[in-house]
């Protein structure tokens, strides 16, 4: 995800310095004019604003707070924007470390996967230092189509969980509809078309429906991540005693799909959890 | 619903004859040039194609098969298109009666409520005599934006149930998201905006979200009808042993909402089923 | 079920006349002293009280109201006790027919399967004419260990549905526990023992747990009947807008089990619906 | 819980030394012959085997591993038996600390609440050092009616979670049945009686049913603890990708009950989560 975002910044003429654990991954960007520094610390020391995009919470903490991490190079007048998707606690930990140097921190997880990243169509769910939000607004606008400022650190992560909770339930419900069509002799392709015309039309259905009908699940968002987000959202709901029976039922289906070995396929593979084990089922 | 559909036919210059149980409801159409006949029988006798739009299965049967019903006036070379939403069995009953006169029958329930009807943006889910489908295609195109031919009588009703099943689950899931936002201190209006930008954006969320946040549910599609459709869809799924745990969980919420006296409000009032009974809840 | 019940009446010295569609099934009873009549009509004509035990609603109606049915031979001063498990509507239909002859009617579905029938340990859930309930009390006591009078016809059927609804949910929950034990490395046989010692001990768990652990489901109560009862109970709940999310979730599991071809196995086979499709699952 | 257990040991003639954070709570036991020591450290130093019964994981850790905790007084040849209900991780932490002194450790959470504790009818789910299990067997038999040895530390906690998961689902299902009876005009007291006669009879139903019908929930096991155990059990199931839709649906009901302010009432108060908000509901 980080690479197409950086491309878009370069294309817009932004003065960019890059770093990656695997230096060769930076080469295409360097060939397009990006500078390179050998550690997050040196990137942060040489730039006004540092963006971090990491795959998981532990990496996000390491790059921000670890040995040669950004916190060692950053300081007053500078900003750190973490666009990784991490839980609220991790975000607060990084925020505290960055703020302790006098620098500003913005949590900015993105909604959108690879294609929107390439097209500069991401959505940023930001929270933290509002001054930094305003400073980097034009940069976010290069990489995304919209941005939201949500207040205290942790709120960006929470909003993303709520969105992904709804997404997971919708995909499970859509799967029920596709299979029900098949079982009663209706063409599921027509369901995709009918849905695409009405009040419940969501881009996700048109994008993924046709491949789901062919039992193909090319990974855009891994099923195990969708299940993890449902689990975290259920935890969030539990912490405030909010009943979420739909999300709870959906989570069970993603767990079934995981137990079927589909963790690394696209989350639309949840449809497999609703299929019968045997082909010639006896329905009485 | 029937009135705006007739308006659109008249505006397009179609030669139209109307009937309604309450004659005064026909007056606006008559003033625009429609003819009037005092019974479905006489409408069917004087027209090539008769469209029926009734509120419930019993009325649909009465108008087609009852005393002075359309079946008494119809015959070979004519067609009967029922655009009411009825169950498959009712549709088959009417179809058999119409076909027994030598006339053709098309089941054509619409997806879309009052506004799309006015704007000629309905979606027709048709099934039955394909020749009649082709005959009335241009008329359906005046009243709607798309039409699907689904094969045997009963398939139109079944497809509509599947669509409404997904719709009911989506609304329940969206309700969970809105309430979870509120409980954790996020602005639910922002959730509506974020959702509207991404892969799960559905027109329904943007239309109904803002009023749901204000606990207002102006009726476009009554909650009791949404619950009935979920129940019928669950019955359809059961008849083919298709597991639909999301729809089953959603149905329970609509039942709760009904038991709270919300049957005649919009189906978005399902959100009330997820709210705590007491204001100052004790969350431990 | 009827045969062991009749045996117990004979053993107690009751003057008994029997009939079965397949006469040979009556032979063991006849050899023990039972009389035989060639139709329900003649049984009803020659006895003070007629008991009916049929496999399904249609047979119950046929035997009571059909050609040569009991209603033709019954009349004032006689009683008809239907111990079949039928829905409330069927029960009301038979009741009306019997009452119209001047005879009394008692609906008396039994709780308990083959073994309790043999041991005279059935539970009778009766409803209808209270005078008949009192007349046949001593006979019910021979065949069962307890009897309940529940008021209007239909109430016996309804009570049985509620009991079976709870039973279906309990079995699904118990299945979750057995499989969870296995997955985390606990011995499910120990779970059966622990459960049998405490507040949640139910005879069903001790009876069926050991065979469930071996994936054996010898049929005492067919899974398809358990699923049908859940469906009817959900319908009953829906008719009064009572939310029953546990029963709804359980019903989905029985549907899955049916789609796996387990309809005719014992209802404890619902555990199969919760097993992973693949052996070496990838859990991430 | 600790006090009645200690009483039973004293009554059986066991040489007992006690400690409690609030010394006056020990007075009744001291008057019956128990010795007293002013810290867990001194209890452990002066006894062969130390039993700990604490209300929550944090207290269990404090008493075992804190300042003046048991680990400071214990050593080779001695044993530490923690009968508190804690999570597996806490149990492992305490186990490691105790074992590091050369002493043996046994995790032994109990199944059963206050009344079984008084009656010496508890069930011990033990795990850890088997030699200690054998040493204390006769003492466990004084306090309980049965004991299970489950292997590695953590397994006692896990087994208890599975049992409580089933218990929580059963109570939710039973609540559905009681309310469904009321709504359709059946006497829920009769349901309690019918259930008590058959295959699904569990002591819990007979004990709690009558008060549930009167909307009374005197606390034996607090609802918030039942909900916590469901949450932990769902977490356990998730860790091995075991689908548990019934437990997930039940958990949502306990969350609703918590949001209604019922956290400290008995877990049977979950029935309130299924009641309509308004009295004169409109059921359509």
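Quick notes on this structure:
Just so it is clear, A, B, C and D label the chains in written order, and each chain counts residues from 1 on its own.
Everything that follows uses one rule, which is that a residue touches a chain if its C-beta (ideal position, glycine included) is under 8 Å from a C-beta of that chain, and two chains touch if they have at least 3 such contacts.
Everything numeric here is computed off the predicted structure, so don't read it as measured data.
Two chain pairs, B-C and C-D, are compared here, and C-D has more C-beta pairs in contact (counted per touch definition above). Chain centres computed from CA atoms place D at the largest separation from subunit B. Chain geometry summary: the mean Cα position of subunit A and that of subunit C are 52 Å apart. Subunit B and subunit C have Cα centroids separated by 40 Å. One simple way to say how far apart two chains are is to compare their mean CA positions; for subunit C and subunit D this gives 36 Å. In subunit D, the residues that reach two or more other chains under the touch definition are 237, 241-245, 248-249, 252-253, 256, 258-259, 276, 281, 283. If the chains shown are joined wherever they touch, the resulting network links each chain directly to all the rest. Residue ranges of subunit B in contact with subunit A, taken from their complex: 111-112, 123, 125, 145-146, 148, 150-151, 155, 158-159, 162-163, 165-167, 169-170, 172-174, 176-177, 179-181, 183-187, 190-191, 193-195, 197-204, 207, 233, 236-237, 239-250, 252-253, 274, 276, 281, 283. Those residues of subunit B whose C-beta lies close enough to touch subunit D in the complex are 224, 245, 249, 256, 258-261, 263-264, 276-278, 280-284. By the touch criterion stated above, subunit C contacts subunit B in their complex at residues 231, 237-238, 241-245, 248-249, 251-253, 255-256, 258-259.
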